[in-house]
Amino acid sequence: MHREVVQIVKSYEDAINQNRIIGSICEDCETISVPPRAVCKKCWSDKIDFTTVEPQGKLITWTVIHIAPPTYVDKAPYILGIVELLNGERLTGLLRLPEGVEPEFDMEVEAAFEESLEGAQRLRWIPYHK
Amino acid sequence: MREVGIVGVGMTKFGVLGRVTSRELATTAAREAMEMANIKREDVDAIYNGILSPDIFEHQMHSAPGIPDYLGLNNIPSTRVEAACASGGLAVMQGIISVASGLYDTVVATGSEKMTNLPTSHVTEALAMCADDVYEVSLGITFPGAFAMVARAHERKYGTNAEMRAAVAVKNHKHGLHNPLAQFQKEITIEKAMNSLMIADPLTLYDCSPITDGAAAVVIVPWEKAKKMDGPKMKVSSFAQASDTMSLHDRPDITGFKTTQVAARKAFERANLKVTDIDFVEVHDCFTIAELVALEDIGFFEKGKAGSATLAGDTTRGGYIPVNISGGLKSKGHPIGATGVSQVVEVFKQLNGMAGQRQLKDVNYGMTQNLGGSGSTIVCHIFERGD
Amino acid sequence: MREVGIVGVGMTKFGVLGRVTSRELATTAAREAMEMANIKREDVDAIYNGILSPDIFEHQMHSAPGIPDYLGLNNIPSTRVEAACASGGLAVMQGIISVASGLYDTVVATGSEKMTNLPTSHVTEALAMCADDVYEVSLGITFPGAFAMVARAHERKYGTNAEMRAAVAVKNHKHGLHNPLAQFQKEITIEKAMNSLMIADPLTLYDCSPITDGAAAVVIVPWEKAKKMDGPKMKVSSFAQASDTMSLHDRPDITGFKTTQVAARKAFERANLKVTDIDFVEVHDCFTIAELVALEDIGFFEKGKAGSATLAGDTTRGGYIPVNISGGLKSKGHPIGATGVSQVVEVFKQLNGMAGQRQLKDVNYGMTQNLGGSGSTIVCHIFERGD
Amino acid sequence: MHREVVQIVKSYEDAINQNRIIGSICEDCETISVPPRAVCKKCWSDKIDFTTVEPQGKLITWTVIHIAPPTYVDKAPYILGIVELLNGERLTGLLRLPEGVEPEFDMEVEAAFEESLEGAQRLRWIPYHK
C-alpha cells in the first residue's frame, strides 16, 4: 500500500548532467513524456520507465528577454524559446545562436549543455548541424 | 448551495504607496467594504485573504490572521489563499463557497499586495516563481517572457500584431482616466506604446501592467439576507476555477488558455447564461496579449478576432462588449493579490450605478476573469444586478 | 451543509528526503490516498494544498496547480492555503467545506513541505516570518523563542518545569518507535532531553520538533457516498478554525492559546460532543510546551495540570487520554504544510484499525489540533468511526 | 465613503526613530493601544490619535535565543522578552543587561534606542535607573 517517492526531477537533472535528455515511457501505453512524469499523462498508469530522447527539435515560439531576474541580469538580452522535439514533446530552453543568426519559426535546433552549470539549467539549444 | 450576494466593496488607491504593510492596506479596504455593507462588526464570521507573497515582498508569512487582528475582530477564522495573480479572485471564490455552504453568514474577502518595496528585477524574479521552477524559472523565464511566447505563437497563427496589442493598452489607459483609484490617469497613443522600452520581445513596456501596491475587499452574505438589506448589492450568478500544467510547454496549444475556456464554460453553465448575456467584463490584462486571448477564450470573439475587434473599438465603452472599464490591470495597476478582488469591486460599482464618470448604462450582468501564472489558474465569476 | 467523510489517506516517509520537490511529495501522498479510496481518477473534482512557503524553501510559488498537473488530472481546481504551521489542517478544512457545500463530490486535500534544502538558520528565519514582522521578527524573535516565552510564563504561573516538558518529548519519541513513517524511531530519556543543546532558554533541542520533508493527503467525499464504499472510512464529526493577534505580546494571557480554546469549544459544540467523548488526540507539539498548553486549552486537563499528568503517564498509550500516538511533530517530524494533514491521517488509521504496532483499542472518536504561528491560527477537527 | 490608508506602522517607526514609543488613543473611549492601531481594540472606533507613552515597564517573560536567524546570528545568544509598560500595554523587545545581571520576572526596565539601526528594531530595554 505505501508508496515510495519517485524522484522524477532528480532523474531528469541527473540525465542533463550527463548531457542527455530523458523522458518517461509508460509501460502500459508507451506514451513518452518530456519532461518525465511519475504518472502517464495519457492512461494514468504509474508503471513508467525512463528513456533517453533525441536531443533535436524545432523552435515553435520564442522571446528575447531584456528585463531579467537578478540571477540572469548579466545575461540579458537572451533568447528563450519552446522547442518541439522530434517525438512531439516540448521543452523550454535558452537559445544560443551564432552572431547574425536570428531565431525563426521551425528553426531546427539541437541540445547543447552548458559546462559550468548543474542540473536543468545546463540545457541550451543551438542550430542543428546535420 | 445557498445563493450568495455581495453587499459592500472597498478598495484603496492603487499605486506606489510608501511605507505601509499589505496588512494595513487589506484592513483599510475591508473597513470600507464593511461600512458600505452597513454590517455590524461582530457579525463578521470569517475572512479570506488573497495575496501572492508577503513572504518575499514583506518578510511576512501567515498574513491572514493579521487582518482580523488589525480590525479588532477577535478570534474569527482568517484564511490565506494563493494562486499567483489569481489569488484575489480565488479568495472571493472561497469566501463565496464558505457562505454558500451555510457555514458562515458574513464573510469579508480581501486581496492585497505590497510590491514596491523591492527593486524591479527582484519583483520580476518573484513573479517568475509562479512558473515551473525546474523547467522554466531555472532557465531564466520571466512573466513578460512567457506571455511574449504566447503573443508570438498567436501572431503566427492569427496575425495578431503589435498594433492590436498596443490598442489594448491605449483603450485601457483611456478607461483608467475616469478611475480615481487607478495607478495611472493618463492617455497614451498607439505609437508611444509600440515604441516603448522592449521588455520581452515582442512585448514592450506598455504591453505590461505596472508594479503596484493596493488592496480591495468585498462583503459576502447569503442572498436571502442581502435582499433584506437597504444598500447596494449584487447577486453571485456563478463562479468557476480551473487549473492547467505549470509549464507553458506542456500544453498542446499556447495561443489560448484552456483554463479560461473551461472556467468560463462552467461559469456560464452554472449561471444558465450565454456569453451574449454578459454586458461588460473585467479580464486579466497583465499583458495586452492576455486580454485578447481572454476575450477569445471566454467566447466574446472567435479565436484570432479579438485583436482586430479591439482596433475597431468593439471593447471600449459603448462598443460591442466593454472590457476593463476600470482601466484593467494595465492602467488601474496590478497589486497581485488585490487584482482579482478589484475586478469584483468594479463589477459591483457598475451594477449599482456607483462608477462615477465611467458608469456604463443599462448593465445587468458583469463577468470577471482572473489569471494566475501562465494561465495555470483561472477564476471566473458572473454577477447580476441585485434590484 | 452535507455530512462529509474521509475514505482514503496517504503519507510519504517523513525525514530528510534529498532532491525531491514538495510537488512530487504531495503527488505521491495523493496517489496513495486515491488508491486506498479506490476512486476513479476522473472523479476527483478539486484539490487543496496546504504548504507554508514553497516561495522560500523551493523558489516556487503557485504550488497548487502543479499537483493535478503531475497527477495527470487536467483542469480541475487546485487551491493553495497557507496558515503557517496550520496550513495542512486548514487545507483539510477548506476541502471539507467545499464538499459539505455540495459544490464538489470528491476532493483531495494535501499538505506538503520540502524544508531541508536550506541550512538551519535560514529555516529558523523562514519560520520566524510567521510571527509579526514589524513588532517581533525585526527584533530577532524565533519560534523556539516565542514558545520559550510561553513556557516561562506557564512555569511561573503553574510550575510547569523542564522535567515535565522533557516528559512530553520522551513520551512522543516512545510513541514514534512504532511509526515506520516517522522521522525518528528512537527512544530518549528525560536526562538526555533536559541536557541537550539550548535553543531558546528554557527550551532545549529535545523540546523542539525537527526540520523535515514530507507530504500527506486525504480523500474527502459526502458521507452518503462514503457509506456506500467498501474501504476504510471515517466521518467528519466537526471542524473549527480560530485566529488571534499576530504578536504574542498583544494577548492578555500567554499561558495558553485562546484560539485553541475557541476552536475546540466550537468543534465540540458542532459535533455535540464533550471532551470526555474523545478517545485519543493528535495535538500540535511543535514544542513540548505546546502539547501541554494544547491539552489544557482543549480541556483534557485543568490549566496547569498537563505537565504533572504527562509525568504520571496519563497521555501515553493506555493512559487517560493517548496523545500523539503517531509520535507527534516531535518524533514523526514537522514538514510544515504536511503536519496538519498527517494528524488526520493518524486518526483515520487508528479509527480503521490500520495503525499496526501502535494501534489503539476500542477507539470511536479522534481529534486533531493544528497550530500556526504563535497560536495565531488554530484548526481543530473531530472524527468518528465510519462503521 | 473612500478611506485613506492610515500608515500606523510608519508612524510607530518614525516615533522610534525619534527615541519615542507611541500608542494610539481612541477619541471615543480613550483606550490606548501600544503598538498603535487604526481601529480601537475596545470600541472599534476609528477616530484615533497618537500619544507618546512612558518608556518604562516590567519584564513579564523572556527567553535567551541561542539559535538565531542569519541576520541575528552574530548577536546570539541574546535576550528577548515581553515588557509590560506602565499603562498595561505590552511590547516585545531585546534586553540589554549589564554583565552579571540576569533577567528576572517583574524586573523594571526602560527603553533605550540603538543608534546604528532604523525603525522598530532600534528598541532595546535596559534596567530602569530611578
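By written order: A, B, C and D. Residues from 1 in each chain.
The definition used in the following text is that a residue touches a chain if its C-beta (ideal position, glycine included) is under 8 Å from a C-beta of that chain, and two chains touch if they have at least 3 such contacts.
Bear in mind the structure is a predicted one, so any value in this text is a computation, not a measurement.
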- Name whichever of A-C and A-B has more C-beta pairs touching across its two chains. A-B
- Message: Roughly how far is subunit B from subunit C, centre to centre by C-alpha average, rounded to an integer in Å?
- Response: 33
- Query: CA centre of subunit A versus CA centre of subunit D: separation in Å?
  - Reply: 53
- Could you tell me the distance, in whole angstrom, between the mean C-alpha positions of subunit A and subunit C? 38
- Message: Which positions in subunit A are in touch with at least two other chains?
- Response: 9, 13
- Where does subunit C touch two or more other chains at once, residue-wise? 21, 134, 250
- Chain adjacency by touch: line, ring, star, complete or other shape? other
- Message: What's the complete list of touching chain pairs for this entry?
- Response: A-B, A-C, B-C, B-D, C-D
- Message: Help me check something: in the complex, which residues belonging to subunit D touch subunit C?
- Response: 9, 12-13, 35, 60-73, 75, 77-78, 80-82, 90-94, 105, 119-121, 123
- Note on the structure: In their shared complex, subunit A is touched by residues of subunit C numbered 10, 12-13, 17-21, 24-25, 27-29, 31-32, 35-36, 41, 70-72, 181
- Task: Can you check the complex and tell me which residues of subunit D touch subunit B?
- Result: 1-10, 13, 37-42, 44, 46
- Touching subunit D in the complex: which residues of subunit C? 120-122, 124-125, 128, 134-136, 138-142, 144-145, 148-150, 152-153, 156, 197-203, 247-250, 254
- Which part of subunit C faces subunit B closely enough to touch in the complex? 1, 21, 46, 52-53, 55-56, 58-62, 64-66, 68-69, 74-84, 90, 94, 97-98, 100-103, 126, 129-134, 137, 240-246, 250, 258-259, 262, 372-373, 376-377
